[in-house]
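You will see two complexes here that share chain A, one where it goes with chain B and one where it goes with chain C.
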Partner chain A sequence: MDLISHFPVILVINLFIFAFAMPLISRRSNNWATIAASFSLILSFAISITLLLKVLDTGAISYYLGGWPPPFGIEFYIDYLSAYMLIVLTGMGLLIFYYGTASLPFEIGRHMVGWYYTLYLLLIGAMLGIAITNDLFNLFVFMEISAIAACAIISIKKDRECLEASFKYLILSAMGTGCYLLAVALIYMITGVLNFDMVREVLVDNIALYPNNVLVALALIGVCFCVKAALFPLHVWLPDAHASAPSPSSAVLSGLVIKIYAIALIHLMFRAFPLELFYQVPLTEIFLWLGAIAMILGSIFAMTQDIFKRMLAYSSVAQIGYVFLGIGLFNPTALLGGLLHILNHAIMKSMLFMIAGIIIYTKGLKKVREFDGMGSQLRWTMTAFIVGSASMVGIPITGGFISKWYLATGAFEADRPFFIGVIIASSLLNAIYYFPIAIRAFLGEPKPENLPVRPVLKHMLIPVVILTVLVFYIGMSPQEVVGILELAIDKLFAQ
Partner chain B sequence: MDDQLIITIIMFVIMFPILMTAVIMYGGQHSDKLRNFLSLFTVLITFIGVLLLYPEAVSGRVFEYQLFEVLPGLAVSFRLDILSYCLVIISSFVWLLAAIYSIGYMAKEHSQLRYYAVLIFTLGSCLGIFLAGDFFTLFIFFELMSLIAYVLVIHEETAEALKAGYKYLVVTIIGGLAIFFGVIICFEAAGTVSIGEGPLITEASSLAWMAFFAFLIGFGIKAGMFPLHVWLPDAHPVAPSPASALLSGIMLKTGAYGLLRMVFDVFSPELMQAINLHAVMMVLGIITIILGSAVALTQDDIKRRLAYSSIGQMGYVVLGMTVFNEQVLTGDIFHIFTHAIMKSTLFLAAGAIIWKSGIKKVSGMAGLGRQMPVTFGCFTVAAFAMIGIPPLNGFLSKWSLCLGFLEDGYIFFVVILLLSSMLNAMYYLPIILPAFLGKEEIEKDLHVDDEGPAFNINEASKWMLIPMVVLALCVFLFGTFPSNIPFELSNMAAKFLLTGGF
Partner chain C sequence: MEIIDNLVQNYFYLVAIILFIIGMHTMLTHSNLVKKVIAMNIMDTSVFLLFVAVGYVHGGAPPLVEIPAGTETYINPLPSVLILTGIIVALSVTAFALSLVTKIYEYYGTCDADEIADLRSEE
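Let's look at the complex of A and B:
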């Protein structure tokens, strides 16, 4: 049927349409809004699966918006990597949404829920757009949408801390996109086209003529994505933003939003620039070292935090370091590790933020040192926490182990065993701040004032349980995911 | 038996305890009797399963089975050879006795359900380590066992236990990551991490050195080897006594087993000697022997003294791996058996003493031997074996080690062994002699009749006595009995390691 060929655009547009319809629907009732938003997310998830199957079956899909071929029109291009990301984004987006339906009325108030859904659908739609666009300027547009939506889902919780954090995020993120726009301009000066593949073709021939343009553009892109993906040392906005936001926002921000920029960066590097460039310009080397420093320092910062969600946020700084380590080592195995870690970290960190949300909801506790004896009251939640932290540390049979395995073997293939040392040191640091929480929760003496305030909602617990199962699933049978990623990476390196 | 059945039994002895953990967790909520029964049933069935493997193991064949592939070249697989079998049989045997003992010992403890569940789970993961067919599987079970055993260490939940437990946890994770590093190097160097496909690393390079140190740190931590032993004297004594017996008696041996596999399957004896890696282990082994025994002298807490003694004894095992002749290796592997039996006896006896009298200090035990003659009798037999008094099993392993050392001209090592035996005597005899002969100052505290007879029997329950007596009998039998099965198994394993057959 003809509709199937339009799936790439329906995927994005359906979310946007529902996003704008949401305030109207929620005037009637929040339940209707929930149903409508779930429908749109499920639709996107179903389309993503269809697209993945189609990509696996026939190879990459090109879609011209409005039927205009590039260079005049915008192209959506779904290769294996995009298809993988679509599944991660829509799947995780759905689970986090499901969790949010239970926790949002409590966190931001009933009357704001409809607006929150608007922003949430916009954010997911924009991220899907980033994953599949094949156009430099269109990427910018989606990045802006996602930045605004991301800021708004932080500031929607009306307290001083959130407003301050989201303002900080807005400024830094605007600087990032500004850098990117400038880079696009510089590239457009050389090429006159914006489509990734066309840009690359032009650059291959003309790169020697305009070395400064390309270098400056690369530097700007580097800075932009460092800010956006919160790579050390431009991570400063992240801990405030992710710690103060409502829990579903934290989960989606830490789990998905920072990763999608890593994916956009990979798309740009491998598709819009000639590969040889990165053997001459030390961009990957810079990412490598920044990633390694982030892995260590992020964990050290996390150790000093007292507030649970801030600790998780700093841990995200460390974990994004793994992804950039994978990019920085610049070989297929390490890149596979990095890409797999995107999924793993999305699962683990969303789960941990959900757990943080459950703890705040049931007991109103935010500080780690108040967690004594919680394990006996929130047994399932804290068991899931143990699984999540084991995966963070990289204990075998959890997902975190597999990505670390690939990163470490990749470091060997790049002949840089030093970075295995970094991975190991970072894992150890993870253990040092995650496990004592579990110990405290299960073995500490509960204080009398820590008695449960509310029972756990089923809607909050189910996503956590599903994610726990996923952690083990990826840890024990990662072949399907690895298979898709291997195809993706072959294609990237074959260019 | 056909191969399929053997494979099934191998899988069974690993998976059964692990799966039964859930059953115990569930069933034990309703009745204590059911919980105890299920725990005993599980270890007993597992032990029987292991016994069934005996004829196949001694036939000299090797069984390999790949369960599933996690990643290309990286599979969960299992393997039974004679060395694995040696460790599997001693583990399941000691576990059975420790489980029986637990029923008496733990009766007045809290959180028993958690204790039994973990006890059974660690049995499965421990057997998984020994039956792993590749270093990846070994690593998985190693991490599982080490992390879950944390719960045994902190069982008492006192501040002291939690502190020791935290130390244990951190050190364990460092060890696990070190092994992870080692496994990755092997995978890079050989493209596979299977055990028994010849040495994985065949040439001397910086990679070989890194792999060596990674495994040495990883397994050395578990084996309590100097300078990585720091966690052991804290962690072992704070656990409940049957758990201490298992930690010191069996779980330490997983480290020794890993080191043996490293020497013979990651490297080869030739390569070890060519790049002097064995010398590193020799030095560390000797320091471990002397240090463990010397520090044990200074400890007044009986379980800490036993823990340091374990360090010293593991030094023998490490030292024994560095001299590659049949005699030494036989002694080495036999010492794994020996030490498992002796140290379990000692910890169980110490546990019975503490349980009955509440006395932990060695200096307070004078005269106790006359109240608890069976307990102290077992303790004495095991302690004599530690010292190496013939005809007990400790003597046999030392004898074999010494003969082997002499064969290759390492006279110095024999001196070390003798010195260490002397030190052993110096810290074990001051426990035993006053217990039987000393003035019983403490009797007043226990409100026992001053005019009473010299033997004022006040023993622990039979659940605790029987396992101790069985182990003490083993100490005796495996030193004297003409057909000494553990010794023969060790001998076969030594031949198998050196020549690939027997």
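Let's look at the complex of A and C:
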């Protein structure tokens, strides 16, 4: 029974241990490495479910690393939001991994697969750490681990575009973490503690004495998370990085990595700063407008793209706008929409990148205008594509509709009907660039040179089918997810 | 005058901020990739400087178990310890960035971001 109390740390550490064992195991054979990595991911998924059940049962869990209580030690804190994020990360991580086992030997070469698993497990582990840590400096360390791992799973492909994209990403994300560390120094100057809850307690009393420190720290944190989450004016690294990477990397980067920083931002805003501060400082207002601009401009950029993966990458810029719209409106309903959109977008964007990977694998086609008549050859894949794009647009009974509905309701509750217009406009723009591809694939005349090179692998298709089912599941019965999120948001706003 | 007094007393904060801005500016505007990596280090180091300076107590002893005679207080060890971790993190990011630069040089034959952009637009 004692083991269960150590689950929060085992969750993260098990991935790190397996990550570093991976090159050794893959020297023996890639299959062994695949089995070991799957075991580690399944273990983390199982632990996440246990933790979610425990949190639902008994409330939030605190875990002190090494038994040292804060302020001396690092605290892991799992509330409803963290538990929700753990499930999303490990569940999606497992599906993308399963897809990767089939597509990686083709994309990066058989001998690199073991190394890729190392980076992948490190990335998932670091993201889990970001989701559950309750310490400002520990958050910095996890952010750097995930930044390096995220850059490395782009540059592992032997391709010069990937290297350049990866370098650009590394430099911008180093700028982001530099800003974050400076913000931590400024906060530490006032508070002398690094634990989120303790920082908030000190700030509540002392904020009037040191307003400049807090303001500058907030601004720096805002910049850091805008870069990391690719919010509109600082999204420049995203299209190159996500479009050139191997498909499983694109799926995990677009689906999970940019979202986890939005979650870290929400954790910081609600747990490390007093809530009243955000009614005085226009930080949420800035996020709101940047999110709205991202939703429109991201979609317009996506329309002009020729290469399928690049189009999906720009679409991610637009979709992260929805999440920040939810944060920016700063009321429970909109935040629920934003958080739900994290899950929905993770599902549909990962699925679309997997589909892009399948098309490249079977036909070697990258450009949208070569997709004529694809539907008759890749029937399952392109049907899944229609489901994914319907969810992107927000057609009812798909998941995308539910999160957009909550966002629009939130905008209405905040008395900002303008943003309902933005949501509708962005959805229409999504329809303009997603549906023509489906029409082209199913109604276009197949070209003779478009014949499949290889058949679809079963391992690549199964995750796509599972994700398609999930899109409908969330679209038709969102009560369970919404229930968890309502608890999470009550707790955040109750503070 | 109050602001000048504050600056003179806390000049290390000013130095750290100036270094931070130099680093950030060079990192974002310079086209040479190696210089970008160097600038990244300058930026990180400025934050480390600020962090360690925050922990300094004037007249304090090193934080050892036996405090030397004549001193009553010791400096705050926590920032120094955090910065040790920070240095390791900065080191690994630098190592990774430099390895990327060498790879980029292999593929493009240049370390200049503008020239790389030219090469790519020719494709």
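Note that the second predicted complex is superposed on the first by the 495 of 495 C-alpha atoms of A that agree within 3 Å, B and C clash if a C-alpha of one lies under 4 Å from a C-alpha of the other, contacts with A are read in each partner's own complex, and residues count from 1 in each chain.
The working rule: a contact is a pair of C-beta atoms (placed from the backbone, for glycine too) under 8 Å apart; a residue touches a chain by one contact, two chains touch by 3 or more.
Here the structure is a predicted model, which means the values were calculated and not measured.
J.: Name the contact category of A:144: first (chain B only), second (chain C only), both, or neither.
T.: After superposition on chain A, A:144 lies in contact with chain C alone.
J.: Tell me which partner A:432 touches in the superposition: chain B (first), chain C (second), both or neither.
T.: Only chain B; A:432 stays clear of chain C.
J.: Given the touch rule stated above, what does A:479 touch, chain B (first), chain C (second), both, or neither?
T.: In the superposed model, A:479 contacts chain B only, not chain C.
J.: After lining up the shared chain so the two structures overlap, which partner does A:160 touch, if you call chain B first and chain C second: first, second, both or neither?
T.: A:160 contacts chain C only, not chain B.
J.: Looking at A:417, would you say it contacts chain B, chain C, both, or neither? Reply first, second, both or neither.
T.: In the superposition, A:417 touches chain B alone.
J.: Can A:185 be said to touch chain B (first), chain C (second), both, or neither?
T.: A:185: touches chain C, not chain B.
J.: Let me test your reading of the model: by the given contact rule, A:405 touches which partner, first (chain B), second (chain C), both or neither?
T.: first
J.: Can you name the residues of chain A that touch chain B in the complex?
T.: Going by the criterion above, the answer is residues 390, 393-397, 402, 404-405, 408-409, 412-413, 417, 420, 424, 427-428, 431-432, 435-436, 439, 443, 476-479, 482.
J.: How about chain B: which of its residues touch chain A in the complex?
T.: Against chain A, chain B makes touches at 68-71, 74, 136, 139-140, 143-144, 147, 154, 157, 162, 165-166, 169-170, 173-174, 176-178, 180-181, 184-185, 187-188, 210.
J.: Can you name the residues of chain A that touch chain C in the complex?
T.: My answer: residues 137, 140-141, 144, 147-148, 151-152, 155, 160-161, 163-164, 166-167, 170-171, 174-175, 178, 181-182, 185, 188-189, 192.
J.: Write out the stretch or stretches of chain C touching chain A in their complex.
T.: For this pair, the touching residues of chain C are 20, 23-24, 27-28, 33, 36, 40, 43-44, 47, 50-51, 54, 76, 79, 82, 85-86, 89, 92-93, 96-97, 100-101, 103-104, 107-108, 116, 120.
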